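Okay, so chain A shows up in both of these, paired with chain B first and chain C after.
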Partner chain A sequence: MEHEIREQGDVLIAVLSGDIDLEQAPTARKVLLECVGQGKSVLVDLSGVGYIDSSGVASLVEAYQAARKTKSGFALVSVSVGAMRVLELARLNKVFTIHDTIEAGLEAS
Partner chain B sequence: MPLQNDDAEVIFELTFPACPDRLKLVRTLVLEAARMSGLCDSSSRDLVIAVDEACQNVIRHAYCGDPEGKIILEFARTADSVVLKLRDFAPLADVEKIKPRDLDDIRPGGLGTHFIFELMDEATFTPPLEGDGNLLKMVKRIG
Partner chain C sequence: MESNSAYDLGAPRSGGEYRDTLELLAEMARDFSTSLDIHQTLGKALVRITHYLGAEAASLFLLENDDTELVCITCEGPVDIGGLRIASDHGIVGRSVQDNLCQIIRDVSQDPDFKSQVDEKTGFTTRSILCAPMSVKDSPFGAIEVINKKGGDGLFDENDRHILQALACSAALALLNARMALELVEKERLRHELDLAAEIQRGLLPQRQPAPYPVAGINLPARGVSGDLYDFFTLEDGRIFFCLGDVSGKGMNASLLMAKTSSLYRCLGRTNPEPGALLAVINNEIFETATHGMFVTMVGGLYDRESGKLIMANAGHEPPLYIDADGNVTSYEAEEPPLGIMPGTEFPEVEINLKGGELYIFTDGVTESPIDGGKMLGATGFTEMIKELKNLSLADRLDMIVDRVAGDRKKLHDDITILGIEHRAPAE
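Presenting the complex of A and B:
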């Protein structure tokens, strides 16, 4: 898994790409919790995620819950087809705020 | 030691250590074998999710992260389905405890078993025909 953090005003954009599986989920968790810990709104770009499993999803849920505790924004953007399939299986597509594009996410933040 | 005891044609058998860094390799192999067996692309990808989660369960729960653990995955095809058997050599699991959790409870973890039961047409935990450990049989119908 690769990751890149971009800052746009008061919003952090965490771009995750590659596979977020049992091996890589701890890195995803660390990256996302560090972003949320900065107290800014966080957009997680999943457009480049080829595969995500339940442990990767768990890292998203943990970051989402941490953001809720601090009343910070947290949303997913440009979710890849493969990642959306897994979110739908977990019925988390109804829980996460999901935007089609980064621009839409920034506008809503 | 073949895990199949029926008329299935074995596509591959893979023995690998219970290490997270082997899962990408397993996923790649399963995806190609699923396509080769006649599953459509979406069903092949669903199969990959189920197998990955089953392997994860073995690594995390059966072997408790011990990379010395051994896993055998057998992928076979019958006339109308693909049949996967996942064997470990960990202490016998309490199959009554292996159940999907309530999805309305939004929390990290515990989704793997739900994925397996949701994506496969059959998923049954049985004691192996020979020796110790656990055997998970998963069936996905073709077409």
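Presenting the complex of A and C:
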């Protein structure tokens, strides 16, 4: 898994790409929690994620729960087809705020 | 000077008492191979080295604390510096370890790295030093330092350097072997604990019921312990309460949450056998206590074997598959997210009548298993397999499916769990 953090105004954009599996989930978790810990709104760009398993989803859930505690914004953007299938099957699209594009995410932040 | 050595090797011997370095190496190797206490053996080796090289004192340092410190684990000579801790780049010994090079210092007063604090504290006078790193495959993990050559010009020479390097290598290998042996013992202990945990976990799964009991399950963990769970039990009125779940992640943390969820379901289900309401209670409980974003996907249900009526609720789990008596397949996707994520979630129930058909609930370890050269089995492949094995009893069918799906069990990448529920139409 690769990751890149970009800052756009008051919003942090965490771009995760590659596979987020059991081996990579701890890195995803660390990256996302560090972003949320800065107190800014966080958009997680999943456009380049090929495969995400339940441990990868758990890292998103933990960051989402941490953001809720601090009342910070947290949303997923540009979710790849594969990742979206996993999220929809588990009805996690009811949990996460999901935007089609980064621009839409920024506008809503 | 008197030696403070704790290891009695008899009267101090001159180098001449050893026929050659090989003999000393052989003696050290024999000590290392017969002793189980590596530190004691290193102490004994240091005494031999000190005597052989005709030095006044010697010490053996090992890296500790993520290689930030060098600790004197044994010493020989008139002063005891055992337990002394220095920064890993401190002094001559630190330089030897950092550069992974042997150091000969003929006059320490001329060396900027020499630190005189120990001498000042102990009253000992260091004049010359020979220090060799203990390293294996270019990775140093300590050093042996000998101080003040007795007799002659009081200086260590190239011959001493070659000998100390060889002896330090021998000690390094022995230490590495001892550490690896300890790691093996620790791994064995952990494996034993994992086996015990797996055994206790297997005890949480229900026992197979003799035919014609209409519910059967199977669980094959990819590791010793499993993050999957299934359960079923018969209520007093004859209906069967069941569940199957999958905890996010794998390993011991997933198995602990599995044990908790399974216990909650069984315990609360006996008095509150309403699948949707029970999932709501367990959801709130897991939300309050789970960490690291962990969650559980789960299907819980209640089955009336007489009428074939089944109600179930699905919390973010893989869609259960209903195969009717004619082989038509219906999939029931979840309407709500997994347990442990959103408190206060309500889980709607769906009702179906099996009418001579079967319902299969399973984890993604089944459908994501690679078969036929890497292609995933998928829900379609799974239903084809079920239909192909329709002449077997439910329990035998599950066993056969797992045998086929698991293939070479050593390569199993995820836990495999299936729960089957069948309805036998009453004979006319």
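The working rule: the second predicted complex is superposed on the first by the 109 of 109 C-alpha atoms of A that agree within 3 Å, B and C clash if a C-alpha of one lies under 4 Å from a C-alpha of the other, contacts with A are read in each partner's own complex, and residues count from 1 in each chain.
Quick note on the criterion: a contact is a pair of C-beta atoms (placed from the backbone, for glycine too) under 8 Å apart; a residue touches a chain by one contact, two chains touch by 3 or more.
If you're wondering where the values come from, they're calculated on a predicted model, not measured in any experiment.
Steric overlap between chain B and chain C is present once the structures are superposed on chain A. Once the two complexes are overlaid on the shared chain, A:E34 sits clear of chain B and of chain C alike.
Within the superposed three-chain model, A:S54 lies in touch with chain B and with chain C [touch as defined at top]. Applying the stated contact rule after C-alpha superposition, one finds that A:D19 touches chain B and leaves chain C untouched. Of the two partner chains placed around the shared chain by superposition, chain B is the only one that A:R85 touches, whereas chain C remains out of contact.
Residues 22, 54-55, 57-59, 61-62, 65, 89-92, 95 of chain A lie in contact with chain B in one complex and with chain C in the other.
Looking at the complex, you find that chain A touches chain C at residues 22, 25, 29, 54-55, 57-65, 89-92, 94-95. Residue ranges of chain C in contact with chain A, taken from their complex: 246-250, 292-295, 297, 316-319, 333-338, 341-342. For chain A in complex with chain B, the touching residues are 19, 21-23, 51, 53-55, 57-59, 61-62, 65, 82, 85-86, 89-92, 95.
Against chain A, the residues of chain B that register as touching in their complex are 20-21, 23-24, 27, 45-46, 48-49, 52-53, 56, 59-60, 103, 106-112, 114-115, 118-119.
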